[in-house]
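Below is the structure I would like to discuss, written out as structure tokens.
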């Protein structure tokens, strides 16, 4: 992340949870300063206020769905820009104090999400253990370190932090479960396009007429743009009024994406651009003929020639 | 609800919360038996297992958005049918033991949602009070009754249940905030149509091709059907794969709605019908010409005549 | 054509033109009675009035386009039904009296269409010949037989009829040029479907709103029906008001076609069904998933079960 | 037509027909030189070759439909540009030599179109007159002047030219029948926009996939552009392959029209721009919100700001 000189990162804390684990996969974090925030709004406010350069927060999980607070902050809070995404597999470790054996685990601590995502594993491997809620996976590990519980389901990072042993690795119920995090900065020039990018926007429908969303989706479809996600959120003003959080393939610098966003800007009550950034996955569909930058440039030249023919 | 002989209702408990408040607005609840359930899944399982005839659970809130656990249960659990909806304004009361004066309230208990929806009011009216989390609004009231806190933000129903006085009424930050509850039974013949109905389905997209959702929305649009809500939920199998929870105007018995649902059934991997039921609001758009039952019947007769002309 | 007992055919005359040539490719014509009509309206009126059982008239040509009089008769005249189509390659013969040699041909007679479709050939092969208009290709051949001209461009059938020799075969400028003829009867039960059928309709747009034609095309597109032709014709009432002659793949007995036609019936001011009949070509695109009769039947059963669940 | 210095006009002749009548409604024709051409191709070639500055030819008639030869020349011939349109009501006069009384008219000459458009009037007013075909309405009048027939149905202009009296005015069967003529020049800068313009293009579909035309229409619809006419013409290469002649509301200088044309250029095999020119009628639908030039400019500015944010 070369554009941030001396990078001060924050993330949804506490330390040693999956958010820190995800953040540490990004370049620049080795030399940066990493500070946990107490909540998603706190992390984002830290960036807004200038105390941090960038914040990593969860956006969605393939099992739990969207993280509403993140969506609402992005849609309604002071604007921020997504500059990176991280896809982190949901994969817990079972941690215990050195010397503990799996057979002796009678109590397990974890955040409720951890319990939810490992319920089957617990039933199969620790059928008699009682499970206790902690405020975070890291808190659960800390409680184990303090001797309050026998074991904790936590992020791998928590083992060394809390000087615990790993009794079981890659613990999860749903294969392929993934949490998607986004790295946010103050708005600025988007990252350069890589050819495998994603663009995120929030659109507010102009009025509630039938087919307004259909019109929005059509603006993407006519330009051959793949929508990778659509999520409605209440506008908080009236039941039945929603805004839509949309992710699409491509970069705002792509001609087709730019034209589609400009179209949304024209026909919607409001559009908030959340950023264009490299995709962390690689699910590229075939690009529809006639929608490349060259196609757009050729058509623009042709149109210019119609409007102002050469003498 | 005449189709349920001796009606045993359950609802998301505990007692004296907004769910019970919502349930008691429905006919049949005065003579029925009302039993709280500990969670949304418990309430639904009570109906699935036959212990209850109907369950009332929250589906969405105009500020907080969808209740994911309800959507997921409806989409993936053993099928149930929505037969009624209730729109309950979010309106708290501040309760205290008899004799307490507002000026003396130093501690307030509530469920975190209550705190979230009344934060502004608290700042304005009880700027020095500390707020404490309770497992439910009703629990908060009970704690006040036990003398643990000075006041509780709770549902109006909680006052008489816990023998508390109302210090302030209609407490809320967002005017018009509403929670939408649905009443669920085992699948059966849908309620008769009233002319102002809503139909709910969950659709699973056949493959991830660009424009699949557009095709789904088009099936509604070509038949002049108003979509009142669209909500994506992860299928839990892979990040980027979603199912869509859709509410539309109309009843499965309406020709246009029936034909649209049949079309979804043909083009989607799966469609789960969640029910047709009377709308609790009244936001009827003008019906598009050519989409009434008479129009469909006339066109069907015409088509039959083409296929089998009279001699 | 077994449904017409003792078949009396008429066709756009005079005798020995391409219309007769096309008609004779059809089964039943060997044993039927074939009578030329003086014009397309005369041929159609002969069927309408009962003097003929069926009439063969040209509908379009791959070079000249539509035959407007046929379209207008089908759209506005007393209804008739298309039961067959014939695709006849445009392929003239140059006819002359026995003994004539190509080098000696100084005058050529033909219908203006014949001249138009063979202009290049004439320039290349008879650069010095003068070309004279005849009322039909057959008339041109008759004039040659009478000694008025040296040669005629006519249908192959004209050779034997007028006792002329063929100086050149398969004369044409555009390879693959084809005339499409249709066989018309009084309306009745359409021919059985063959799996490679075409259906023709004329639709009258309800009002002139932007996008009315788009709505019509969408009704076909959502059901995966291939439109093979669209032709606008003035309604004759006002400039800028058109009706649309549409050909689509499939048979009115196909569920998807039937539902699309019924939809047009609902949303258009008027729809005139012109018939379903075997296609004379074989340009079958892949059928879209979810649009087979089985898909429709399965969806209809599912819908019936939703509306009237089994006890 | 200020851009053509000393204007040499040609038109579909002969003199004193409706084409000349239409041409004389245009500014500049009083001082220009007007020369008839023998055919539509001759008139257009006269402009292409530089012998004329502009040619007026018929494009469509509200009763007869399109003039195929004009469409084909515009689609396939050396490019020309439409710079004006003229809508001329179909209104014949019955002309006779001075002294002739209507009751004595036993023979009427006209072009077949004239006969077709006045058949009812002839039946009602001259039931016993025989009707004779002339090569043009003007030829018919000339034949009357020569004494060959008693009367002619012709353009009003023909009266003075041929020194004939008007026996009946405004003769026609269909009220409101109109012929639309277009004035063509060599391609150049289009006429300035007036706010009530029309744009004409010919599009060649990229391949024959289902829904290609739907995609073309959608490019207009998403930008709120009214299509005033769509006409298919064979590409002359294969039966079932068509190009589409499209007229839309607006001017190529309009942002929405320009973007739509550029989109067609991207997704179609070929697009031929035929011109933007003032509409001769005034059938303006309400413009869809979000599609004005200001809307486009505002959206473009917004997009530029996203791509290159101010420091």
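As written, the chain order gives the labels A, B, C and D, with residue 1 at the start of each chain.
Please note the rule applied: contacts are C-beta pairs under 8 Å (C-beta built on N, C-alpha and C of every residue); 3 or more make two chains touch, one makes a residue touch a chain.
These figures come from a predicted structure and were not determined experimentally.
Visitor: Strictly by the touch rule at the top, which chains does chain A share as contacts with chain B?
Guide: For chain A paired with chain B, there are no chains in contact with each.
Visitor: Please report the smallest number of touch steps linking chain A to chain C.
Guide: Counted as steps through touching chains, the separation is 2.
Visitor: Taking each chain's centre as the mean of its CA atoms, how far is chain A from chain D in angstrom?
Guide: Once rounded, the distance between the two centres reads 58 Å.
Visitor: Averaged over CA atoms, how far is the centre of chain B from the centre of chain D? Could you give it in whole Å?
Guide: Here the centre of chain D sits 59 Å away from the centre of chain B.
Visitor: How many angstrom lie between the centres of chain C and chain D, each centre taken as the mean Cα position?
Guide: Centre-to-centre distance between chain C and chain D: 28 Å.
Visitor: Would you pick out the residues of chain B that each touch at least 2 other chains?
Guide: Touching at least two other chains: 218.
Visitor: Examine which chains touch each other and state the graph shape they make (line, ring, star, complete, other).
Guide: Looks like a ring, each chain touching just two neighbours.
Visitor: Show which residues of chain A lie in contact with chain D when the two form their complex.
Guide: So the residues of chain A touching chain D come out as 187-190, 206, 215, 218-219, 222, 252-253, 258-259, 261-263, 265-267, 273, 289-291, 295-296, 298-300, 302-303, 306-309.
Visitor: Would you mind writing out the residues of chain B in touch with chain A in their complex?
Guide: Against chain A, chain B makes touches at 60-65, 68, 87, 174, 176-178, 180, 208-211, 213-214, 217-218, 221, 224-234, 236-242, 281, 283, 285.
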